[in-house]
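In the two complexes that follow, subunit A is the common piece, with subunit B as its partner first and subunit C second.
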Partner chain A sequence: METNQKSLYIIIIGCGRLGSLLANMLSKEGHSTVIIDNNIHSFDALNSTEFSGFQIEGDATELSVLKEAKIDKADILIGATHDDNINIMIGQIAKRVFTVPNVLIRILDQNKEPLLQKIDIKYVCTTTEIASKIIELI
Partner chain B sequence: MNIIIVGGGKFVYFVAKNFQSKGHQVTIINKSLDECTWLSRKLKGIVVHGDGTDPVILKDAKASQMDAILAVTPHDQDNLIICQIAQLNFQISKTLAYVNDPDNEEIFRKLGITAAFSTTHMISNVIEQRTAYDDIVGLSSVAGGKVNVTELIISKDFPVCDKRLDEIQLSDNGLIACIIRDDKQIIPHGTTILKEGDNIILISLPENHGEIIKTLMGDSV
Partner chain C sequence: MKERKVLIVDDEKNIRMTLSQTLADMELSIETAINGEEALAKSEGTKFDILFLDLKMPGMDGMEVLRQIKDSQPDVKVIIITAHGSIEIAVEAMKLGAVDFLQKPYTPNEIRELVSTIIKREYLISKEPQDYRTYVEYAKKSIAERQFDLAIQYIKKAIAMDYDHAEAFNILGALYEIMGDIAEAQKNYRIALSIDPTYEPAEKNLYRSTRLRSGDSIIFNKNE
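Coming up: the complex of A and B.
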């Protein structure tokens, strides 16, 4: 991410370890951040001294929830749920239907990488990344 | 035709049985080992145990030799990914996905799925129509909701009863495509006369549907 000081509108899907960490960091940097999770208790992971954005309790695979988060206004959408297929679906909806300029998703299953290259969605496959990191450190 | 069905439950069983009875080859992919065992006992086709969103499992199911895929798991996101992998990795041209959220019908089509269908949509359509008009015995929408196919029974108080078809001024966007009379199907002409008890199949566009129904049924609506 370029660190020019412009405040961006960022939507994060999933408030697990990764989603909450990103939300805390990006909100602290001064970006307007909205985080969506279907379990209200997940928001406990947000740090109140760092995170000053909005929380939406809802299932982000439901179009009305994405609309409630004003997806059409987003500069960035990050798919960080534990379910690869949810991230891939929402990533495509954000990019193709709502033309969100910057869409990035996390996946765990490296078998899905060829699909993501074909549908042209930016992703990080944590399994592949960590494996290469480990090999590098051996 | 060679078809892959991904999903489970009685729905998959009956759909597979129906396809087989029409001479199609069916391969089922299902996550639950118990269901796979049950399905393979009841059906002739191949049953593959595994996650249909995993390209490796689709390869096991010989996806590259298939003509169509039907994804009917309970999760919209899984059905989308199944269809996309089938399309992009295995060149299956006809992809059909079940969706829970009716909004996803249009979204999935935009993302390249041949057809997405939601039972929420279908059932609420049928209920709305059925509760509004008693004589309508069936209504379905085809072509992604762009065309209505209505089945209704002519009653003697309809203004069109005992009239020739060419005397009935239907709107341009309506057509009586077929009449079922005494269990026989008739493809009607202008000279065909509608009789009490005729079961007619009407093709219409949703925007003219109400108007056409009114022409046929008159004030009994």
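Coming up: the complex of A and C.
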């Protein structure tokens, strides 16, 4: 994160383990955070003492949902659903259509890394990261 | 510039917290209230400049709070906090002099810009403005002072400067609705939509103003 001084407008897609953890942490740091998930029960994972942002129940592959989240005003968008393809697609929409300055997505399938490098989307491949970590610890 | 007093009225702790935090560095004195009753109690002892108000609260609803506070403090500038897609009551709020809306989710910049715009609006002096935006601000200022005739003149001048904004036609429509001219109101909502078919406030206003009102429903059977 570039600066902790300024409160940023952050949109997180997917309120699973990773999305909710990020939402809790970033909101607690004082950023204005919006989390989108198509299952309202997923929001149970948000910690009420840490998370003070907004929740939107809806399918983030729908443009209307992204617009409702005011994606055009976002400083950061994080794709954290369990589906790589959804993360990649939303990442591209955010970057190319809405020119969100900082787009980051999580992927699980390491085979998709070359593709993401080619289309210039910042990503973290958890499988690769964990594999290197494990090897490091051996 | 004197320090402005801001009152944030919302039953949601998150909203009170994020708004207070965002406004913290703006040299404002900030107070919060968790419901309408507390807001009215606080406004008895203090004169507020800006009021952030949620319309949906348990107990006394926001519209009632707006009505009562505007009665005792007509100069207070009110920002209505709305959820996505619930702007149909905007005309009702406008009638009471509330012209600014903050739609959730909001960004820190939106909040700060809105507050600055409202503060700057007070300093608008009565020389003829030169551009669309300033005329719109004049119109909003007139609405806040409940001078609806004057607001109509200003918004028409804004449109004359630049007729390509759905926002101005929607405001004009709402003003006509306040004045009781539904046909003219709907005409302007339609113009707003022809400029920007995705402009939601105009769509909602048109829908609301054309549908049957409760109480006007057709009676089919005496026993119904």
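Going forward, the second predicted complex is superposed on the first by the 136 of 138 C-alpha atoms of A that agree within 3 Å, B and C clash if a C-alpha of one lies under 4 Å from a C-alpha of the other, contacts with A are read in each partner's own complex, and residues count from 1 in each chain.
The rule is short, and it goes like this: a contact is a pair of C-beta atoms (placed from the backbone, for glycine too) under 8 Å apart; a residue touches a chain by one contact, two chains touch by 3 or more.
Not measured: the values here are computed from a predicted model.
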{"item": "Partner chain(s) touched by A:K70 [first = subunit B, second = subunit C, both, neither]", "value": "second"}
{"item": "Touched partner set for A:K28, first subunit B, second subunit C, both or neither", "value": "neither"}
{"item": "Subunit B versus subunit C as contact partner of A:V97, first or second or both or neither", "value": "first"}
{"item": "Which of subunit B and subunit C A:I86 touches, first, second, both or neither", "value": "first"}
{"item": "Touched partner set for A:S7, first subunit B, second subunit C, both or neither", "value": "second"}
{"item": "Comparison of subunit B and subunit C by subunit A residues contacted", "value": "B"}
{"item": "First (subunit B), second (subunit C), both or neither touched by A:L115", "value": "first"}
{"item": "Touching partner for A:E62 - first (subunit B), second (subunit C), both, neither", "value": "first"}
{"item": "Common interface residues of subunit A - those touching subunit B in one complex and subunit C in the other", "value": "none"}
{"item": "For the subunit B and subunit A complex, residues of the former touching the latter", "value": "53-56, 75-78, 80-81, 84-85, 88-89, 101, 103-104, 107, 110-111"}
{"item": "Contact set on subunit A toward subunit C in their complex", "value": "6-9, 30, 32, 34, 51-54, 56, 68-70, 73-74"}
{"item": "Contact set on subunit C toward subunit A in their complex", "value": "13-14, 17-18, 21-22, 84, 104-110"}
{"item": "Subunit A to subunit B touching residues, read off their complex", "value": "61-64, 83-86, 88-90, 92-93, 96-97, 109, 111-112, 114-115, 118-119"}
